[in-house]
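One chain, chain A, appears in both complexes that follow, with chain B as partner in the first and chain C in the second.
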Partner chain A sequence: MPLIKLKNVSNYICQNVNLQVFDRELLVLFGPNGAGKTTLLNVIAGLVEYEGKVYFDNVCVDKIPAPERGIGYVFQNLILFPHLDVFSNIAYGLKVRGQSQAQIETRVKELLKMMKIEHLASRYPRHLSGGEKRRVVLARALAPSPEVLLLDEPMNNLDLRTTKYLRTELKQLQRKLKITTVYVTHNLEEAEEMADRIAVINNGRVEQVGTPEEIFFNPANEKISNLIGKPNIFICEKCKDLGNGVMEVTCGGLNIIVPHDGNSIRRIALLPRDVYVSDAEPPGAGVNQFKGIITDINYNNEAVRLTIKVKHNNITAEIPYQIYEGMDLSVGRKVFLKLKLRRIKVCESEDNYRL
Partner chain B sequence: MVILTTVVIPLALPNIFTGLRLEAGMAWRVIIAAEMVAIPTGIGALLMKAENLIRIDIIIVCLIILSVMCFSFEKFFIYLENKITGRWR
Partner chain C sequence: MKGIVFFCYMVCALFLFSPIIALVSGPWSYVVSLLGDTLVVQALLISLKSSFISIIIIVVLGLPASYFMARYCFPGKQVLDTVFELPLVLPPAVAGLLLLITFGRNGPIGQYLYRVGIQIPFTFTAVVIAQVFVAAPIFIKSAKSGFQGVDRNLEITAATLGDTPWQTFIKITLPLSWNSILTGIVLAWARALAEFGATIMLAGNLPGKTQTLTLAIYTAMERDMNLSLTIALILILVSFIILTTLKFIGGKRWEEV
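So, the complex of A and B:
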């Protein structure tokens, strides 16, 4: 499977993009709507015009038309052929390549089995659910054994449970097939779960490339920090293993309990929306519960961002506007906050930050 | 060629049938207009004669025939379309 290299790629949205996708890697292109993620995918596929060079295994593919680049593409809106049943949809790529009927049948059956959709073979796309359609589209993309797989927001418009399930399956499949994959999404959770590395794209530029941990704990600039939700990052001074997969870390005078089983923790991070704020002391065990003073209040469209000073730390919390209105909060007021235990992200290493 | 027969033509069929249905009625109207003006036979010519003789009954019969023809042609194309594309539309 090839290594993909984009060198100084520019077009109507991309601006001088340099990017490498390693062999057998799953690279996630992450960015807001209109950032140029899909366009970059189309550049790799050869579906749009561009300046610059695209290399597959150090061979320039600029002059090679899309159908001959050896690419499997899952489009954002799926585009199943409505007039063909599931079997024929999957067989289409093989038929166009002139394979024999026997070969087509063997390969399609193999894919139907792999994607667990054997029972759907004779159904038409209009009789398929969203999840089933995605499986068929993926099978169709994989049918001609492509060297590169491009996935453009394949989990759009699916319910949370199906998305979670399909993501796990997709990741396993990618590992099993050892296929170089570029995956587009604007969902951070999805990006973190799927990616070997993430490339953050904004306004047609690649802002940062790195592992999910690098992006989250060390965003290259303010824009990226905003894109990933401006997480609170705490540098850990002390780390104590409490056993049973739980650790206690000390950050700026705060003792925070973290579910973690492994080496000692260097940093922890928590998104502002995962910090509960209350004007009265919350009931229950006081795990990760602190008292602080509001130092700043920022109003967004739907949420209110509070900066709360707790000992030596400034913690940002985000609460919905309606809840804020009901609580009568103001600068200088004492509040209680609770950090969502399961949402705390952990970073063990200090030295792996590279841009 | 495979792309033309597997994708292009089948996917164009619904639009082709929509055109056929819309234009079948128009075709009948054009034929009758031509018969009224230039051809001495057919429903159009009969309409003209009936008009000259002030035979309202013949005119009404001609119009009914025209409506029935338009209606049955439309139904025929709908039937044909459903027969060919009904499985997947």
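So, the complex of A and C:
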């Protein structure tokens, strides 16, 4: 049964949005900045005006004000109450509900432990690092045991290492608490890693909803394909299990090594930025290293897109300007390319690529 | 460069400190003996009573008003907001004159008050009205900037955690703007206590009725310069006590934690 249902929701940015968030799932709202992702969260939270209907467990909540919707909301800019220490920040939602001092203490300690911030209890927000703040904000949102958790770009402006660590932790936590979560991000990698399902949002509309694999291998239209970075999709003719979680697939005459442990692979995908290009032959016998000829060069805002013909495949590669300028490339030139092994995505199902 | 700047700094400091020198060099024993003078005692009581009532009125009305100014918007609000700043630039004597006309027997408001038997000019009420008029904008300005300094997102966050708007105001907005509110109270109180021009125009200078400490200084000058000095001393003392008390109430500021 879907826990959250949005029916024909419209306002200053959302346009006729229909969306369901299932019980206990983590739905990622993915899309570019200004697409309306945060506004959708605010609609669910009851913080902005909208037309249409929002249901929680089939009960219409349109008339229920934000404080009574039973949601935990983590805002993008990590809003902590500056005049309260970490303990009081986490206890805030519990005090409002009139819990006893003993109950509050037990619950806050539980959360401090869960978020691994017991040592920060008496600190004030301005003495916390970005990662610590995130943990406190999350603990505060979770303290009143909300039925729905809304996270707005929770990993923004955080260094890569902390992000990776926090992502894993957050995902585990969400599974453990079995809390229905809506997670906003504009980072594709983050979306894929976190999501049970992804809803692609653009210009206030829901463009497509599906598992990360569905979105990646079957983008519903050109716009979505662009949003996810126009991946190279290869249809596999043959698939050989090499053991140790490694398979070799044959696509258009190329033998590509793929880390995969499971059924045979039907398609693989790789983003253009995960294709390395060089004008000289890299030393050593590289895995997934091929020779090809440039057939097209496209300049866009930040990078250069090369179309390279390798046997029967046209592979798109994307390289930063600085690197491109140092390489002397032109149409018709022979280049070496290497497919980043760990970035290859795998699909076992047969659905046709709709583009 | 440094020498010139330092010189100007010292000149300013000496100039601003010079009145204190006058106080120190005064004939102390004589000044203290005048503390019990009826004029002094009466004026002190009137000043304390009127400024206290004024500040209560200013806070009770000004706090919601400044919150409204900081948080809400409607067409023409900017124009209306300037009304709140008018008394800041208006010379007090002009303010007093206009108030006198307004509340006078034939004034636009005064005529109706007279009909129901209420007389404002030259009463204690007039002292309070004059003080509220000149001091309220100072408080409202300070409180407003305090409210504006509180991130709206903090209030929204409190709402998602289950707070009603009133709870949010008491637990989040008020503590975070407390310093500005307190500063507003101190400045407004000081202004009310110092009020002279508007008071003398609207309330007159009636000993035991409308004569505040500042007015008493003026009156005492004609009798005995040292009596004026005595009152000045009391004013300084009262101001100092109010300032330190309010600072003490302010407690530790969260910025310093």
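Throughout what follows, the second predicted complex is superposed on the first by the 347 of 355 C-alpha atoms of A that agree within 3 Å, B and C clash if a C-alpha of one lies under 4 Å from a C-alpha of the other, contacts with A are read in each partner's own complex, and residues count from 1 in each chain.
Assume a contact is a pair of C-beta atoms (placed from the backbone, for glycine too) under 8 Å apart; a residue touches a chain by one contact, two chains touch by 3 or more.
Since the model is a prediction, treat every value here as computed from it, not as a measurement.
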Three-chain arrangement built on chain A, chain B and chain C clash or fit: clash
Chain B versus chain C as contact partner of A:79, first or second or both or neither: second
Contacts of A:93 with chain B and chain C, given as first, second, both or neither: second
Which of chain B and chain C A:66 touches, first, second, both or neither: second
If touched residues of chain A are counted for chain B and for chain C, the larger one: C
First, second, both or neither for A:262, with chain B first and chain C second: neither
A:140 touches, of chain B and chain C: first, second, both or neither? second
Which superposed partner A:45 touches (first chain B, second chain C, both, neither): second
Superposition clash, chain C against chain B - the stretch among 3-11, 39-47 or 165-173 that is involved: 165-173
Those residues of chain A which chain B touches in one complex and chain C touches in the other: 81-83, 92, 96, 124
In the complex with chain A, residue positions of chain C that touch it: 151, 153-154, 156-164, 167, 172, 175-176, 254, 257
Chain A - residues contacting chain C, complex: 45, 47, 65-68, 71-73, 75, 77, 79, 81-83, 85, 92-93, 96-97, 124, 140-141, 144
Sites on chain A touched by chain B in the complex: 81-84, 92, 95-96, 98, 124-126
For the chain B and chain A complex, residues of the former touching the latter: 2-3, 6-7, 10-11, 13, 85, 87-89
